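Notes to accompany the following structure.
The first chain written gets the first letter, and so on, giving A, B, C and D; residue counts start at 1 in each chain.
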C-alpha cells in the first residue's frame, strides 16, 4: 500500500505546479492568494499520504497546516482594507 | 518511488524559491514565499524531522505569512527595480556549487542520534528533540528565549513617541456579525486545544514549546484581527510579566541546580535533578510556551501605532 | 477489503484534486476560480481522508483525520467568503 | 540518495537566496531573500545530519531554535523597514538610489 500512497503523493505534488503558475500569472492579488490556499489544501493531502505511507506521527503536521492555512488569507483580506484594520464586508457595503 | 517524490519535491521547492526571488511584484514574491514554506515543511517530513516540520508549518504557513502580508498592507504599491544581475548570479551560483561539493565530500558519520536516544529517558523527555532542547542543550534554549525578548524590545523601540503606551498594532474594526468575526470565534478554541496538545505531547511525541507557542501566537493574532479582543497595552505590567515569565522560571530552575551543587554532587547550573526531571521539564515548557506565544504574537503585531 | 476501499477512494480524491487545479488554471475570472479551489479541493481532501481512515492505526489517528477535514472546511468556507469580497473591491 | 538530493537542494536554495539578496533593492524583498538563505542552510544541515540513516535529534533541535530566531529577526527587520519607510518615504537604502 505504501507504494501506492507515495505514487499518489507524487502526482498530487506535481499537480500543485499548476497553482505555482497561477501565483506567477495572477492577474489579481486575490488570484495569487487563492493559489496559495490551494497549495495549503494540497499540502495537507500530501502530508496525510506521507503519513499513511510511513509513520502516522506525521499527522500532527497536517492538523497544524489545516489550522493555519486560512490565517494567511485573513491577513491578506485585512491588509486590503484601509490601514489594514477594517473588515472587507464593511468596506464592500459602504 | 520515494526518490521520484523527493525529486519532484525539490523541483517545487527550488521553483518556488526562484519565483520568490524574481517575481515581478513584491506581493507575488510574498505569496511564493508562503507556498515555499509549505513545501519546505514537506521536505522536513521526508527527513524524518517531524518536530522541525511542525515548526516550519506553524511558522511558514502561519506567522511569516501574516507578518509579510501585514507589512505589505502598510506599504505603497511601488516596486524598486533590481540592480545588475551578473555579479549576484555569479556569487549565488558559486556559493551553491561550493556548498554542494562540500556536502558530497562530507565524511560518513552516525551523528549523535544513538547517544541522545540512550540518554533521553533519564533526562525527563522521551522525545529526543525535546531532551536536546530542554536538557542537553538547555543553555542554547535559554539564550534563545532571551533573543526573542531582545527582538521584541527592538520592535517596541521603533514606536513613535505619540503612540507609546498604546496596544501593539492598530485598533481593529470588524462588522460584529460578519464572516470574519464568526471565523474568529470558531477557530481559536480549536487552535488553543491544538497548541496545548502540541506542548503536552512534546515530551514523548513530536511537538514542544516552540511549535505549541507558535500555534497559540497565530490564534492570538487571529482573535485580534477579528476584532474580538483588544491586545493589552505595551506598558501593561501583566503583559510584561508574561513576557519574562518563561525565561525567569527557566533561569530559576538553573540557579536552584547551582545552589544544590554546593552540598550535592551531580547537581549543577542548568542540570535538572533526575528524579523530578519529567515534571520539571513539563513545567518549564508550559511557562516557556506562554512567554513564546505572547512574544511571537507581539513581534508579528509590530510596534504600537496610533491612527495618525 | 480495507485496502480496496482505500485505493478506490484515494483515486477519486486525486481526480478531484487535479480537477481543482485544472479549474484554477482554466476558469476565466477570479470568482469562478474560487469555486474550483473551495469545492473541488475540499471534496478531494474529504475523499482522501475517508480513504485513509481504513488505514488508520487507532482511534486517535481517526479523530485527527476528522479534525483535519473539519478544520479545512471551516477555513475554506471563511477564506472563500473573505477573498471573494476583497476581489469584488479589486474590480471596482 | 534521497538525503543527498535534499542536501543539494539546500545548497541550491542558499545560492538562490544570496542571488536575490544581492540583486533585489526593495528592502522587504531582501528580508524574503534572507529567509530563503536561512531555510536553505537549515535544510542543508538537516540533510547532513540524516546521512547516518536514523534522524539525528541534535541538528533538529538546533534548526528549531534557528527557525524561531529567524522569525523574530524577520519581525524586527520588517519593523525597521516600515520605520525607514515612515522616515524617508523610501523602500530602498540610500546607497541603492540610482
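Here is the rule we go by: contacts are C-beta pairs under 8 Å (C-beta built on N, C-alpha and C of every residue); 3 or more make two chains touch, one makes a residue touch a chain.
As the structure is a computational prediction, the values presented were derived from the model and not from experiment.
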Chain-contact steps, minimal, separating chain C from chain A: 1
Comparison of B-D and A-B by number of C-beta pairs in contact, larger one: B-D
Inter-chain centre distance, chain B versus chain D - centres from mean C-alpha coordinates, in Å: 14
Centre-of-Cα separation between chain D and chain A, whole angstrom: 21
Approximate Å spacing (C-alpha centroids) for the pair chain B, chain C: 27
In chain A, residues with contacts to at least two other chains: 16, 19, 29, 33, 35, 60, 63, 67, 69-70, 74, 76-77, 80, 88-89
Per-residue multi-chain contacts in chain D, two or more chains: none
Two or more partner chains touched - positions in chain B: 2, 46, 48, 72, 74, 179-180, 183, 187, 190, 211
Chains grouped in pairs wherever the two touch, ordered by label: A-B, A-C, B-C, B-D
For the chain B and chain A complex, residues of the former touching the latter: 1-2, 4-5, 8-9, 12, 15-16, 19, 23, 27-28, 31-32, 34-35, 38-39, 41-42, 45-46, 48, 50, 53-54, 57-58, 61-62, 65-66, 69-70, 72-74, 170-175, 178-181, 183, 187, 190-191, 194, 198, 201, 205-207, 211, 215, 218, 221-222, 225-227, 307
Chain C-touching residues of chain B, taken from the complex the two chains share: 179-180, 182-183, 186-187, 190
Residues of chain C that touch chain A when the two form their complex: 3, 6-7, 10-11, 13-14, 17-18, 20-22, 24-25, 30, 33-34, 37, 41-42, 44-45, 48-49, 52, 55-57, 61, 64-65, 67-69, 71-72, 74-76, 78-79, 82-91
Sites on chain A touched by chain B in the complex: 3, 6-7, 9-10, 13-14, 16-17, 19-20, 23-24, 26, 29, 32-33, 35-36, 39-40, 43, 46-47, 50, 55, 57-58, 60-61, 63-65, 67-72, 74-80, 83-90
Interface residues, chain C side, partner chain B - complex: 67, 71, 74-75, 78, 81-82
